[in-house]
Every structure is written in C-alpha cells, then in structure tokens.
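The following pair of complexes shares a single chain, chain A, combined with chain B in the former and chain C in the latter.
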Partner chain A sequence: MFRTSLTTNLILICLLVVLAALPPFLGIYYGNMVTRLMILGIFAMSLDLLIGFTGLVSFGHAAFFGLSGYILGIVMMDTETASIYWVLPACLGVTALASLVIGWFSVRTSGIYFIMITLAFAQMLFYFFNENTALGGSDGMFIFAKPTLAIGSWNPIDFEDHHTFYYVVLVSLILSYLGLRRLLNAPFGQVIQGIRTNEDRTRALGFATRRYKLVSFIIAGTLAGFAGFLEAMHTSIISPAHLGWHESGNVMMTVILGGIGTLHGPVLGAFAFGFLHDWLQDVTEHPTLYMGIFVIAVVLFLPRGIAGLPADIARWLRRKPPGDGGSPP
Partner chain B sequence: MNDAGIQPLVAARGIHTYYGASHILHGIDLVVRPGETVSLIGRNGMGKTTTLRSLVGLTPAREGRVEVHGMDMTRAAPHRIAREGIAFVPEDRGIFPNLTVHENLVMAARPGRDGRDDWSYDRVLKLFPRLHERVGNLGNQLSGGEQQMLTVARALLTNPELIILDEATEGLAPLIRQEIWNVIREIKQTGMASIIVDKDLKALFRISDRCVILAKGQVVYEGTAAELAASPEVHMQHLGV
Partner chain C sequence: MDFTSFLIQLLNSVQYGFLLFLVASGLTLVFGIMGIINLAHGAFYMFGAYIVWWLFGFTESLTLSILFGVPLIMLLGLAIERLAIAHLYQRDHLYQVLLTFGMILVLNECQKIFWGTDFYSVPVPEVLSGSIPLTENQVYPIYRVFISIVCMLIAAGMYLLIQKTRLGMTIRAGASNREMVQALGVNINWVFAVVFSLGAGLAGFAGMIGAPVSSVYPGMGDQILIISFVVVVIGGIGSIKGAFIGAMLIGLADTFGKVLVPDFASMAVYATMAVILLWRPQGLFGQSAH
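Let's turn to the complex of A and B:
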C-alpha cells in the first residue's frame, strides 16, 4: 500500500493551507510563479508514477506535456472562444492516444533502451513542431484566447483572472495527488509496484506485465498532458521547447530532487527547483552551473530527496555520539 | 497402476536452453503427472533452476518443447503459463517488500484454471499461523523464513495444479525449515503436484514419488525415491555424497 506517515500528512496539509492562503500576499510575478510550479508539480507527479512506481525511466515525458499544449493552440488558432467541455477532452484524448502509440513500442524494451526509445519519440515530436512553420516553427505559437467554462451566458469560473486560475491549478494539483494515491492503493497500483520490484516474479504470478506497464504509461502521459494543458492556458504560449529533451531532463531532475516514489516529493522538488533557479538568476550569471552543484549535492547527501529530509534528520538526531553506551576505559 | 495413459501436467521434451551464447540445458526430458511429487537433484550449476525457469517461461527453451496440459507452451509468456495452473516459488523468494503481507497475498489470489477455489485467504493463513500474526507488516519487515512462507502462501492462492519450489528451505533455521517441509507435506496430501529442488536429500526422499538427477544440463538418472535412496553408488557418482 502507498502510505505516508502522519507527520508527512500534517506537513502536506499545512503546506496546502499556506498555498491556499498565499494569493492575496503574492504579487503578479510570484503568483504566476507559484501557479507554474504547481503545474510542474502535477507534471513531475505524472513522471513519478512511471519512474518511482512502475520502474520505467522515461526521458521523453515532456512530449505529452508539450503535445497537449499544441493541441490547445491548434484548437484555439481560429477561434476566439471555445468550450473547455470539449477542448480539454480533445487535448487529453490526443495525448492519451500518443501515449498509447509511444507506450506500445516503448514497453517492449527496458532499461537503457526504454530511455532511448522514449527520448527518440519525444525528439521526433520536437522536430515535427520545430520545423512546422504553420505552427510557428521554433518560435512556437501564441494562444490568444482561453477556453471557457461558460454554459450559455453563465460563466462560473473566469480563467483569465490570475487568482481564479491559481485556485483552479491548486485544486487540480490536489485532485491529481489524491487520484494517483487512490490508483496506487488499488489492485492495479499493487501490480505496477510489484513490476518495479521484480517484473519476472509478477509475470510468474500470472500478470501480463507489459499490459500493466502500458496502462501506467498512458495514465502518466495523459496526466502530463493535463499539466501541459494548464501550462499553455497559463502562459498563453506553446513552443517546441516544451517537448524537448531539456524539459524532460528538468522534470526528471525535479522528481529526483523531490524524492522518487513519494508522489508529494516531486511537487516539493518543483518548488525547490523553481525558487532556487529564480534566486540563482538574481545572484549569479551562471544559475545552471550552481543548479548542477545543488542537484549533485542532493543526490549524494539526500538519496531520498527532499521528501526524505524529515526522516533523515530524525535518524541523524537519534544517532548516539560515538562511545555512547560504552564502558569508560 | 500403469500411468502411461495419464496426460502429463507438465512435460519438457528435449529442451535446450541458453543464457546468451552459453548452452545450459542439453535436451532435458522431464514429465510431471497430476498429483505427483518430483525432486530435481544435482550439484550446483547443473541446470536445475534453468530447467524450472524454462518450464515457467522465464527463460524459454530455444529447442525442444514444453507442454502444459498437452499444449505447446515453449514460447508462451510466463503469465500465460501461470494461468494454466503452474505456480513458481523461486529461490530468491521474491516477495514485494513495499506491500503488506495481506497485499502480497490478495494481489495474487485467483481461482484455478478450472474455477477451483480450494485455497482461500483464510485457509492459507491457517496453514501459516506466523503470517496470520503479521498480515499488516510490510514484506521487508519479515524474517527470511516468514518471507519464504509468504512466497509459498502467495503461490497457493493462485490455486495451482502444480507448485514448483526452488530451494524453498535454503538458508533457513532448522526449525523454520522443518515447518516448511511440514507445509510441503500438507500440500502433497491435497493432491497437488510439485517439483522440488532442495539440498536436503533425506527430506526429498521422504516426500518424493520420483527423483531426477541432472548433471551438466542433462538428465543422468531417473527413478523412484526409494530406488535412489537405496543406491549410494548413484549418489556418489552424480552428487558426490
């Protein structure tokens, strides 16, 4: 079963309360930044389902993130208004279909070959959009209008309002987390965790593991597509960079920073990554260099990531100093 | 009773299995009939585990044929063979450490091939009272013996017709080992067929109907347990004991 300790649950609830209370105190810059980091948190959780729970290290996960944004851009290209009731299913449907096709080939491989095949598919999509002048080529495309939730003249939620959109993303983050948690505690989740631990054993128990891996790949891809949809709605721009290997590398780094196989860790990782990068940009001309040093330090000294930090500190505090308990000479 | 007419549950017919370029099994023939207990004996590295892995599809044979219920399953995926009523208890135990005992058991539970549901969750826990006490514990919180019991229990919950036990008592304390042998005996009494690989020859002779000795990837001896127990020269020649 996927569990979190009581302490972790309390910390997460406190963080959620803080996130819910923050908007009035954040300016537009930090409000937008936190919104983006919550979206990246959803994106990173989707990758954690693959890496941390199914044992599939995908290096092309951004393909689904960017593809969904492009579908939104294409749908909104010639219209000033569209209903989210069909735009969102269209974006997620195309992403799910792409996940099915890419996953169908990818889950037939494992290890380094899986990494390479997912990267290859993502790069194919990258070059497709990069070379496609009708879709803006390497500059990408602007999304001038956002789909609306309106039914007739009644619009319950205005996505154009920054604060409102902030809360839409926050609710999406919470629902994504709870949904994944429920999935992991269902029989399906137990099987994919079995696959990660020992695929041969899971097959010998009678499970068609390839099918389970494919379903996990589709769910992760579709959730990444949902994050990409929110990102495109938020920034009103989509470009090939959103589905390139650089973006895939960033989200993988986020998962590693936050803590693989923890679900909430990748969200913490997204915030740590985002705020650190923002701060480094202010204080140095080489933020990427220092980010690299930070990631190396986390990997070396916090193998369980930021999510494992409280447990690591507790263990460190419990450790007796050398010689304690021994008899004096 | 002449059992030549009984269809084998599992049959390996001249199988050759390789790990990459290494030729491990050289034409193994092995037949297990319903209700029969067969011991696979041999020194280390003679191909016992590879034979078992070929039977369950984890390391498919390149030549020869593996039949389950008379159907050719040589190239079948392991999950298909498992669904034909073959349960495999590997030597490395292979419990799922991040799942509880309860979850380890229920994830595998299903009716047998013909809809039989002889082994229920409650019956399995009755067979392994130690597991009953630890249903809420994670797999990695169990002792080696308890992990082995969990693996056997999980295999039983698939309601198999044949259970394959690879070194099920390896590395366990004598008392726990005895407990496992008692369970194997109880399983035999239910009429379930089994293939057992173990180093404890005396225990094997007591429980087996038939013994097969492997050497260098070939069957070098096959006979009843009583015949083999009474043939010290065969032990010396093939097993060095």
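Let's turn to the complex of A and C:
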C-alpha cells in the first residue's frame, strides 16, 4: 500500500493551507513563480509515477509536456476563442496517443536502452517542432488567446486573471496528487510497484508486465501533457525548448531532489529547485554553474532527496559520536 | 541526383560517420566496461574543439594544437572519472544520468566563462586546403578526405589495441565479466580510469579534427551527444563494431536525409533508429541478455 505517515500528512496539509492563503501576499512576480512551480510539481509527480513507482527511467518526459502545449498553440492559432471543453481533451488525447506510440516502442526495452530510447524519441519531436517553420521554428509560438470555460455568456472561471489561475493550478495539483494516490492504492498501482521491485516475479504471478508498464507510461505522459497544457496557458508561449532534453533532465533532477518514490517529494523538489534557481540568479552571474554543482552534490550526498531528509537526519543524530562510551569491549 | 553529387554526399556521410564513430566508440566502451552512462561525453567533444581553437592562437598550427590538446582532454577526463564518476559504479543508472547531467551544466557554463558565446572558426591547414576536382564545376575538399583517412587509421589502431594488446585483452575481459577480471588480480579501477580517459581523448580528438569543417560554438557537444547515443543504441551498447556500423548508418541517414527530405532530416536519423529497434530491441550487435 502507498501510505504516508500522520506527521507527513499534517505537514502537507499545513503547506497546502499556506499555498492557498499566499496569493494576496505574493505580488505578480512571485505569484507567477509559485503558479509555475505548482505546474512543475504536477509534471514532476507524473515522472515519479514512472521512475519511482514503475521503475522506468524515462529521459524524454518533457516531450509530452511540450507536445500538449504545442497542440494548444496550434488549436488557438487561427481562432479568437475556443471552448476548453474540447481543447483540453484534444491536448490530452494527442499526448496520450503520442505516449502510446512512444511507450509501445520503449517498454520493449529496459534499463539503459529505455533511458536512451525515450531520450531519442523526445529529440525526434524536438526536431520536428524545431524545424517546422509554420509553427515558429526554434523561436516557438505565442498563444494569443486562452480557451474559456464559458457556456454561452456565463463564464464561471476567468483564466486570464492571475489569482484565479493560481487557484485553478492549485486545485489541479491537489487533484493530481489525490488521483495518483488513489491509483497507487488500486490493484493497478500494486502491480506497477511490484514491477519496480521485481519484474520477473510479477510476470511469474501472471501479470502481463509489459502492458502494465505501457499503461503506466501513458498515464504519466498524459499527466505531463496536462501540466504542459497549464504551463502553455500560464506563459502564453510554447517553444521547442519545452520538449528539449534539458527540460527532461531538469524534471528528473526535480524528482530526485524531492525524493523518488513519494508523491509529495517531487512537488517539494520543484519548489526547492525553483527558489534556488531564482536566488542564484540574484546573487551570481553564472546560476547554471552553481546549479550543476548543486545537482552533483545532491547525487553524491543526498540520494534520497528532500523527502528522505528527516529520516537521514534522524539516523545521523542517533549515531553515537566516537569516544562516547559505547558498549564495553 | 547525378552520380557526382551522389559521390559527394557519400563522401560526406562517410566523413561524418567516422567523426561520430570516434565519439560513440568512447561512449559505448565506457558503458560496456564500466556500466556508466556518461552524458558529459559530448562536453569532451566541445572542449576539444574549443581547446584546439584556443591553442591555435599560440601555435598557429593545427597539428601542434592537437598534439597539445589531446593530453589536456585526457587529463580532464581522468580528473572527472576520479573525482565524480568513480563514486557511481555501484549506483543506479538514474544517478549516473543525473550526475553527468549536472556535469554538463558545469562544463557548458565553464566553456561560456572561458571562451564566451561567440562562434569561432579554425582554418584548414595550408597543405590540405586544396580541393579534388570531380567534374568541371564540382570539387571535393581534400581536408574532408583527410579527416576520413585519419579516423580510419585511428579506428584501425583501436582495433589493434583492443584485439592484439594485453591492455585490450583486459578491457575486453572487463566488458564481459568485471568480477572475474578483478578476481584474477587486475586492478579494475585502473582499467576504468584508462578507458574513461581514452574515451574522453577520442571524443576530444573528434572535436579537434572536425573544428575546421564545423565551426566552434556553444552547445556543439549536446548535439553530438544525442546523435552518439542513437549510434550506440543502434549498434548495441558496448559493441565497438556496432558503434562503427551505427555511425556509418547515421552518417548516411543524416547526409542523404538533408538532401532528400531537407525539412525533416533530423527526424530521418531517429526514424532509422526506431526501425532498427523494432527489428532488434538490443541493437545490431548488442547482447540479448539485457
């Protein structure tokens, strides 16, 4: 079963309350930043479904994130308004289809081949958009209008408003979290976690593991597409960089930094990563350099990420310092 | 396409294929023997190109710059292996990917700090700057032929090193069974360091010798890295022979793709990979045990 301890739950609920209460105090800049970080949190959670729970290390996850944004861009290219009731399903549908095709090829392989193949497919999509001049080539495209929720003249939620959109994203984040949690406790979730632990045994129990991996890949891809949809709505711009392997590397880093195999970890990772980058941009001319050093340090010294930090500290405190008596010889 | 332009494209593909092979062979060796995915491999290629451009400012000679440059790259490779990669042998691939990804961020930023973001070019040596006339108005630059010949010699040298020398024997043994080699009293850490540094040297050399035909620019390492991954996957991870065949296939797909379907040339490369993997998921010469 996927469970979190009572303490963790309490902390998460507190953080949630803080997130919900924050907007009036944030201002435009940080309001946008927190919105973006919550979106990245959804994106990172979707990758953790693959890495942390299914044991599939996908290095091309940004492909779905960017693809969905491009579909939104293409749909909105020649139109002033469009209804979200068909735009969102269109974006998610195309993303799901793409993850079905890419996943079908990829889950036939494992280990390092899987890493490289997902990377190569993502690059293929990257070049498709990068060289497609009708879609703005390497500059990408602006999304001038956002789809609306309006039915007739009644518009319950206005996406153009920053505050409203903040809460839309927050609710999306909570629903994604709860949905994934439900999924992991469902029989399907048990099977994919079995695959991560020992694929051969799971197959021996009679589960068609390849099919389960494919479905997990599609769910993760579609959720990444949902995050990409929100991101494109939020920034009103989509470019090939969203699909690039730097983006895939960054989100993987987010998952590890937060702690793989937990659902809240990736979201924490997105926030830690985002604020660190923001701070580095203020204090140094070369944020990327320090970011790189930071990543190397996390891999070498903090393999269980932020979510594993309390346990790490507890273990470190329990360890008796040398020369402190100890057991007699 | 008439025969001469076909010939020109063919020569171009072979020359590109050879450069790719130099980069990909290091990548495949490092994975095959050490079990390490090294994303920072492309950075060695980029540093090679920049170092040769930088040294050219002092030496005014491509040959001298390469002679000084290769040991520098090998030292860089050695330092990275000892300081960071060596801690990752027992860890999951995920962490290797991440650490070397961080390494790319650091190395790319260092390149910007040292040499800025401008594009540079390295002149072709005087002796090799001529062209071979193919027809009345079509010529082929000698330097490109020279690249192919040099790379061919290096490939032959690598073949001899790996098949005929004691070091090569240890490397091959290490690739097929690491623990056994260790049990036989070989210092596997030393072998790893040598292989990693050799791979770095090969990638750096490819960047150096290729610098006069492609310009020297930021991000050139990332581009070649991804293509080299495709080569390695097609050929089968750990197989030098596979890397060679894969590099030639990708050279052909890329060069002819640019001529035949200019809009989607880069996709042609990945489509080739998808088709081959559909047929053989472990690559052309990979071991199916994976």
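One rule holds in what follows: the second predicted complex is superposed on the first by the 319 of 329 C-alpha atoms of A that agree within 3 Å, B and C clash if a C-alpha of one lies under 4 Å from a C-alpha of the other, contacts with A are read in each partner's own complex, and residues count from 1 in each chain.
To be clear about the criterion, a residue touches a chain if its C-beta (ideal position, glycine included) is under 8 Å from a C-beta of that chain, and two chains touch if they have at least 3 such contacts.
Everything quoted here is computed from the prediction, not taken from an experiment.
Trainee: Taking chain A as the common reference, can chain B and chain C both be placed on it without clashing, or not? Answer clash or fit.
Mentor: Once chain A is superposed (C-alpha atoms), there is room for both chain B and chain C without a clash.
Trainee: So, does A:209 touch the first partner chain B, the second partner chain C, both, or neither?
Mentor: So A:209 only meets chain B here.
Trainee: Which holds for A:190: it touches chain B only (first), chain C only (second), both, or neither?
Mentor: A:190 sits against chain B, while chain C stays out of touch.
Trainee: With the two complexes overlaid on chain A, check the angle at chain A between chain B and chain C, Cα centres, nearest 10°.
Mentor: Given the fit on chain A C-alpha atoms, the answer is 80 degrees.
Trainee: Is A:127 in contact with chain B, with chain C, with both, or with neither (first, second, both, neither)?
Mentor: After superposition on chain A, A:127 lies in contact with chain C alone.
Trainee: Who contacts more of chain A, chain B or chain C?
Mentor: C
Trainee: Output check: A:198 vs chain B and chain C. Expected answer is one of first, second, both, neither. What do you get?
Mentor: So A:198 only meets chain B here.
Trainee: Examine A:300 and indicate which partner it touches, taking first as chain B and second as chain C; both and neither are also allowed.
Mentor: second
Trainee: After the two structures are laid over each other on chain A, how near do the C-alpha atoms of chain B and chain C get, in Å?
Mentor: Shortest inter-chain C-alpha distance (chain B to chain C): 6 Å.
Trainee: I'd like to check the shared interface: which positions of chain A are touched by both chain B and chain C across the two complexes?
Mentor: Common to the two interfaces on chain A: nothing.
Trainee: Going by the contact rule set out above, which residues of chain B touch chain A in the complex?
Mentor: 56-58, 77-79, 82-83, 88, 90, 94, 96-100, 103, 106-108, 110, 154, 158
Trainee: Enumerate the contact residues on chain A facing chain C in the complex.
Mentor: For this pair, the touching residues of chain A are 51, 57, 59, 105, 108-113, 115-117, 119-121, 123-124, 127-128, 130-132, 245, 249, 252-253, 256, 260, 286, 288-289, 291-296, 298-300, 303.
Trainee: Within their complex, state which residues of chain C touch chain A.
Mentor: Chain C residues touching chain A: 31, 37, 84, 87-88, 91, 93-95, 97-99, 101-110, 112-113, 222, 226, 229-230, 232-233, 237, 263-267, 270-271, 273-274, 277-278, 281-283, 290.
Trainee: Can you tell me which positions in chain A touch chain B when the two form their complex?
Mentor: Listed in rising order, the residues of chain A that touch chain B are 1, 187, 190-191, 193-194, 197-198, 200-201, 203-209.
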